[in-house]
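This is the structure, below, for whatever I ask next.
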Amino acid sequence: MISFELSDQQQQIKEMTHWFAENEIRPIAMEADKQEKVPDDWLDKVNKMGIHLNTSSFSGGGDKDSSGKKAKKEREGNRMGVLATEEMAWGDPAVTLSLPGAGLGGPPVESSGTPEQKERFLSIFKNDEPRWGAYALTEPDAGSDASAIRTTATKVDGGYILNGQKIFITNGACASWVVVFATVDASLGRSGQRAFVVEKGATGFSCSRLAEKMGLRANETAELVFEDCFVPQENLLGGEALYETSGSKPSGFQVAMKTFDSTRPIVAAMAIGIARAAYEYTLDIVKHDYPKQGDFFRMASELLGECEQDIAAARLLTWEAAWKADLGLANAKEAAMCKAHAGKTGLDICAKCLELLGPTGLDGHLVEKLYRDVKVFDIFEGTNEIQHLVIARRQYAPHGIRV
Amino acid sequence: MISFQPTEEETSFIKVAKDFAKNRIRPAARTCEKQRAVDQKLGDEAAELGFLSLELPEDWEGLELPLLTQVQLMQALSYGDLDIIQGLQGAGDAASFFRLLRDNPVFKDKMVDLTSGATTVLIDLENNDELSENQLSLRHDHDGYILQGLSQPVRMASFADYALVAGKDSQGKNVIIWLDDSADWMVHQGDYRLGLVASGLGRFSFENVKVPLTHVLVEGTAADDILREARNRIRLLQAAKETGLMEAALDSATEYTAERKAFGREIAAFQGVSFRVASMAIETRIANHLVLEAAVKADNREPSAERLSLRALHRAHRSLRYVTDSAVQLLGGHGFVRDFPVEKWMRDAQAQVMLYGRENDLLVRSGEQLITGEEEVSVT
Amino acid sequence: MISFELSDQQQQIKEMTHWFAENEIRPIAMEADKQEKVPDDWLDKVNKMGIHLNTSSFSGGGDKDSSGKKAKKEREGNRMGVLATEEMAWGDPAVTLSLPGAGLGGPPVESSGTPEQKERFLSIFKNDEPRWGAYALTEPDAGSDASAIRTTATKVDGGYILNGQKIFITNGACASWVVVFATVDASLGRSGQRAFVVEKGATGFSCSRLAEKMGLRANETAELVFEDCFVPQENLLGGEALYETSGSKPSGFQVAMKTFDSTRPIVAAMAIGIARAAYEYTLDIVKHDYPKQGDFFRMASELLGECEQDIAAARLLTWEAAWKADLGLANAKEAAMCKAHAGKTGLDICAKCLELLGPTGLDGHLVEKLYRDVKVFDIFEGTNEIQHLVIARRQYAPHGIRV
Amino acid sequence: MISFQPTEEETSFIKVAKDFAKNRIRPAARTCEKQRAVDQKLGDEAAELGFLSLELPEDWEGLELPLLTQVQLMQALSYGDLDIIQGLQGAGDAASFFRLLRDNPVFKDKMVDLTSGATTVLIDLENNDELSENQLSLRHDHDGYILQGLSQPVRMASFADYALVAGKDSQGKNVIIWLDDSADWMVHQGDYRLGLVASGLGRFSFENVKVPLTHVLVEGTAADDILREARNRIRLLQAAKETGLMEAALDSATEYTAERKAFGREIAAFQGVSFRVASMAIETRIANHLVLEAAVKADNREPSAERLSLRALHRAHRSLRYVTDSAVQLLGGHGFVRDFPVEKWMRDAQAQVMLYGRENDLLVRSGEQLITGEEEVSVT
């Protein structure tokens, strides 16, 4: 039956994450943006609380909820993930992205790692000190076109030697390990790609630079360099077996791509959280300070009406994508839809809120920060253009043509 | 638990509706437009299948379905042709009032026959702009009301057996009255060319018609509640119809651009085409979801139902205009001629949004409730 | 010096055409739409008045103004053309397109015809009876892609034999002659194309059907069929010489394409005229019937403000394209810009006006007719998508890439 | 005669401006942003070339150029970097008031030195929303005015030598006053991160500052005319600056997408990219033309000048947001980082539209004048 009510568990995680966002994240948002850094002691504190960012299925409060439950129970990890992420990003997206945990590196390890790899890489996120995982796909000359990556992986005795450069890597410098995509033979195209887990401190692996950005300033975005970097055999994600199973089909490229269907709704949820933060902040000011009739009231009604409508629309699309994932249904189209809509309208909403705030909004108001933060949500994890391509591809698939 | 899965019962009823839409409604669209009325036989079939009594109360021989189910059915039916759906005779938009006023003594006393082919027209004064001259007004008179003036164009005016007039009287008090004598009014057929041509568009004119209290269904604060709820329901049923038309236009444009070739390949291979189809798909999905969510709230009679119905209809209007225009654009010259249905759909769409509330007004009213009312973005 | 003032001559033609549109065209607009025909006696009357539609440079009142004037005087035919066309279309676009004259067939004859052909085909538009020219490029399977036309022209003794079908031909059935594009050898692509003037009554040339349309109903749109239709040598536009001059360069395709730079501003001007008619009609009602304060007034201010702004924007773009053409400067980019903007916003403006009129607007109001009429202006003479392509091509040309 | 051809004089001055923009301004943009002020040397060069005195009257050592010429120059200069243009010290937005009030006895008596480096800030109360608490107000006092409260953020506050306060007093009467003693105010530096960071943004606060009549430049109906005309001029100069930034963003995005490759070819080959560039080009051209036309009307002091300046600035705001956002989008991840200028331009653009009037408000005001005023679409 069609329903938009949260289950008890969903309601619980929403409330808990909202509480955390409101009381722990939001208070440091503006200062972290100014310092271009999330304070170490704060990270240490929340890590001890057991708060991690896990983009495949959010785990808060230290308990694992997506595995080993009794059979027959409907999976709801993806729905819980988007609910929780929206709340956290509502607190602040840059701080949220800086939370300890496997981050975007989690999904590929979970979906493609061997049991041993899952244990080895995913069990390090403990309360003793904050640790991060990261995901390195993009290169200076391969953005939207993930098949064009040039980082090479040369097979040697006991492992591979990586050479190349990666950019725009969230938490790439502080991460304990990074899932790195490289090609064993560029002439093989996509099927030549492999995913490796490169650990911090590996010889030949370094961070060459941290990017300065329009927004998300408190979150680290690294440029990584691999110079004859040796990666042991056991760090090839999924092991050799994964890449041999059926000829050309599975590859590092597939590993990279299949994670998008679960991470895009999460990214959409973040954009929604940001937009909602801007909207609620502005609504609050309009409610309390501004007149309840006349031209300004009518303009505010129109603009805020549009904001709220687009937030609701993005959220429903996101829920649908997550619901499909929970049911094990193909959700690439829905994942692209929610990402495309949330990414684009996120900026529109922040801009409308700034219009309502007027010049005053320039001076130390949260919304201008959110405006700077939200833009990249229409870019990373696949630009808006790529999302349109994915949607169109699914739309035309029944007609037997590939666009 | 968040879910987008219709019940099994809904799924099978929707399938019947969609098949009827594709096999019976769609092929009849051009003929009905030419005749300026829906084919009688088609109407009988629709009635037979129960599609004309979804909203009516059970004890009036209706199916009395939840709104959530009805919007899905209306969407499926309108996939065939919106004009035909809007031209199907019967209780029309008045059905929501019948549902809410089923026990009203006026109906009990009169025992009007509403379920076998009689057509009721709803004249909602809310759609009177208070702008034009000689607009329809309702004036309280010592033992009843006086109706005077010309209504806005409404659906099914040409086929009216009964009329339900609802809205504010000249003192600002809400009242809902029942007219069962067609001698009370004149219908101006007018000159309608844009769209929904088969839906019997016309304007009612009244010349100081005296309405006795025996025809007053409800007035005052009791009428406020009925009106609010009925309007919420009507907005959602209309928005659902619009979503159905969007789906049709989306599918039609997808199919055409998948087959049509230019510059040596299917035009779908050009992003100028395929990206627009993707945007149409997003808008259609959004309109769908906003209607579903609002329908759930309306079924639960939650206070947010009014705002959500305004929101859903606003978005449906906006998206409908975008999607039907896009379909014409993607068909190019073929979109502008009657050989393909999209030109008709774009016209029907524009007529539809003109009939059911100004886009901008729906938006502003939903926005006002945000500022003066509840705080959170409502999707929970 | 940058100026937006009309010259005396420009002012004069604007006033004259406006007078004609207001007093002769507008009064029959609604009825002609209903009858799906412009009345014969009306056409006869205006033809006797010497009013013709000439899309290369508008000639009203029977006098030719673009040829044989004293040297050194700045040409202003294109600017006069767009000014006049806007006014006429303001009266009614379907009636305007039905005016006697060479119509869209004029530009190719003027730009590519031999002196003999120009004399023979352009001199027939006399006051004795209304006559039309037409332009036949589009085919059932060649719309935006004009290079894909399949109508064949087979060289025979004394001329060519045409076989094929043309669709969406304005005034195609009533025209005294039609400029028809056909290919002598499909394998040659664009360079195989030729333009012919096919005269009414030619054996094997017929109108198979008139299209029923969303709008422009009073204007004839024909489907033409060529079945072993013989066209004499002297009707090959420009003569054989034109197609031999420099190898592959000039062709029927070039003839078809080069006329767009002068016809697109004319088409844009029509869309502007339509939009302005809707806007002025609605403004008038708002001014006289509606309240001057409150919510409706604010909504009307916003919507009408947008309408007027887009009309002004489209008009300035159109003037620029016409100004460049008058100066002999390349104007393909500007011609595409004005067409793209006017075509798209024309519909937006009519929709906004309908929103303001409310349900009443459905019943016998001019604006709904204009709404149905204007849509095709974003389609014919190159769809909005084609205009974007032309603009992009010019935008990237300095960077040495062709998009 | 309709013409889009600048005069030869304009063409050569524009070339100087554009060269200065490309060779001197553009390269200094990041440094000035970091320093939160325009490099002194750069400012001196701009002054040397006359760019700071275009609007000032000749007898004040200004160039006193027509607005039509000025908007073309401002556009060319802002092609370099809007933030720097907005941060150049001098008469700023107050220049239009100086031009219109050149003979005012207050200036005659005071002989203030405005042409050699002194910075005047314009505090226009029109930008005060009458919404916030403790907003700046001007109250008539028996022999002068009292200034009290906090202004909205304005440009160059941090560098202010003088301030010109203009707008309505608490009785609704217009007044323009001149403040030449910086002891009268405090500037709150605040926390500005979004954009135009080098332009010295700040808020003025006044604590019951008494302004004697000797500092009142003009009041009442005389002030109405000056204010209307000065605001028209300022709107157009600002809109022209926005057009310059649009051009920069358009060129930058075109260049990037012509070179950047993906999926085996230049990304410009994808219509998803090239069509957006085409739309950016159209919007840039439109903003340009609307400014030019309004400038001609303003130079001729035509009554439509006010509406046309509102219209031009509204469109410039809207187009600027679209074009700068599009540039970032087309650069993808590279658009979001500081290695390319587009991320800064998008921030500067947003700050600019926030400083110079709400988009929606500009539109509605221009629309109101259509309904209550002249009839024809004004381009003649």
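Each chain carries a letter (A, B, C and D) given by its place in the written order, and its residues are counted from 1.
Assume a residue touches a chain if its C-beta (ideal position, glycine included) is under 8 Å from a C-beta of that chain, and two chains touch if they have at least 3 such contacts.
Because the structure is predicted, anything quoted here is derived from the model rather than measured.
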Chain pair with the higher count of C-beta pairs in contact (B-C, A-B): A-B
Most widely separated chain from chain C, with each centre as the mean of CA atoms: A
Distance from the mean Cα position of chain D to that of chain B, given in whole angstrom: 48
Interchain centroid distance [CA atoms averaged], chain B/chain C, Å: 39
Centre-to-centre distance between chain C and chain A (centres being mean Cα positions), rounded to whole Å: 51
Residues of chain A engaged with two or more neighbouring chains: 295, 298, 302-303, 385, 388-389
For chain B, residues that touch 2 or more chains besides their own: 270-272, 275, 360, 364
Contact set on chain A toward chain D in their complex: 30, 33-34, 138, 141-145, 147-148, 167-168, 211-215, 221, 289-291, 295-296, 299, 302-303, 347, 351, 354-355, 357-364, 368-369, 371-372, 375-376, 378-380, 383-385, 388-389
In the complex with chain C, residue positions of chain D that touch it: 1-7, 68, 254-255, 258-259, 266, 268-269, 271, 274-275, 277-279, 281-282, 285-286, 289-290, 292-293, 296, 311, 314-315, 360, 363-368, 370-372, 375-380
Touching residues on chain D, where the partner in the complex is chain A: 127, 129, 131-133, 152-154, 190-194, 201, 203, 261-263, 270, 272-273, 321, 325, 328-329, 332-339, 343-344, 346-347, 350-351, 353-355, 358-361, 364
Partner chain B, residues of chain A touching it in the complex: 1-7, 10, 74, 76, 79, 276, 279-280, 283-284, 286-287, 292, 297-298, 300-306, 308-309, 311-313, 315-317, 319-320, 322-324, 333, 337, 340-341, 385, 387-389, 391-392, 395-396, 399-401, 403
Chain C-touching residues of chain A, taken from the complex the two chains share: 295, 298
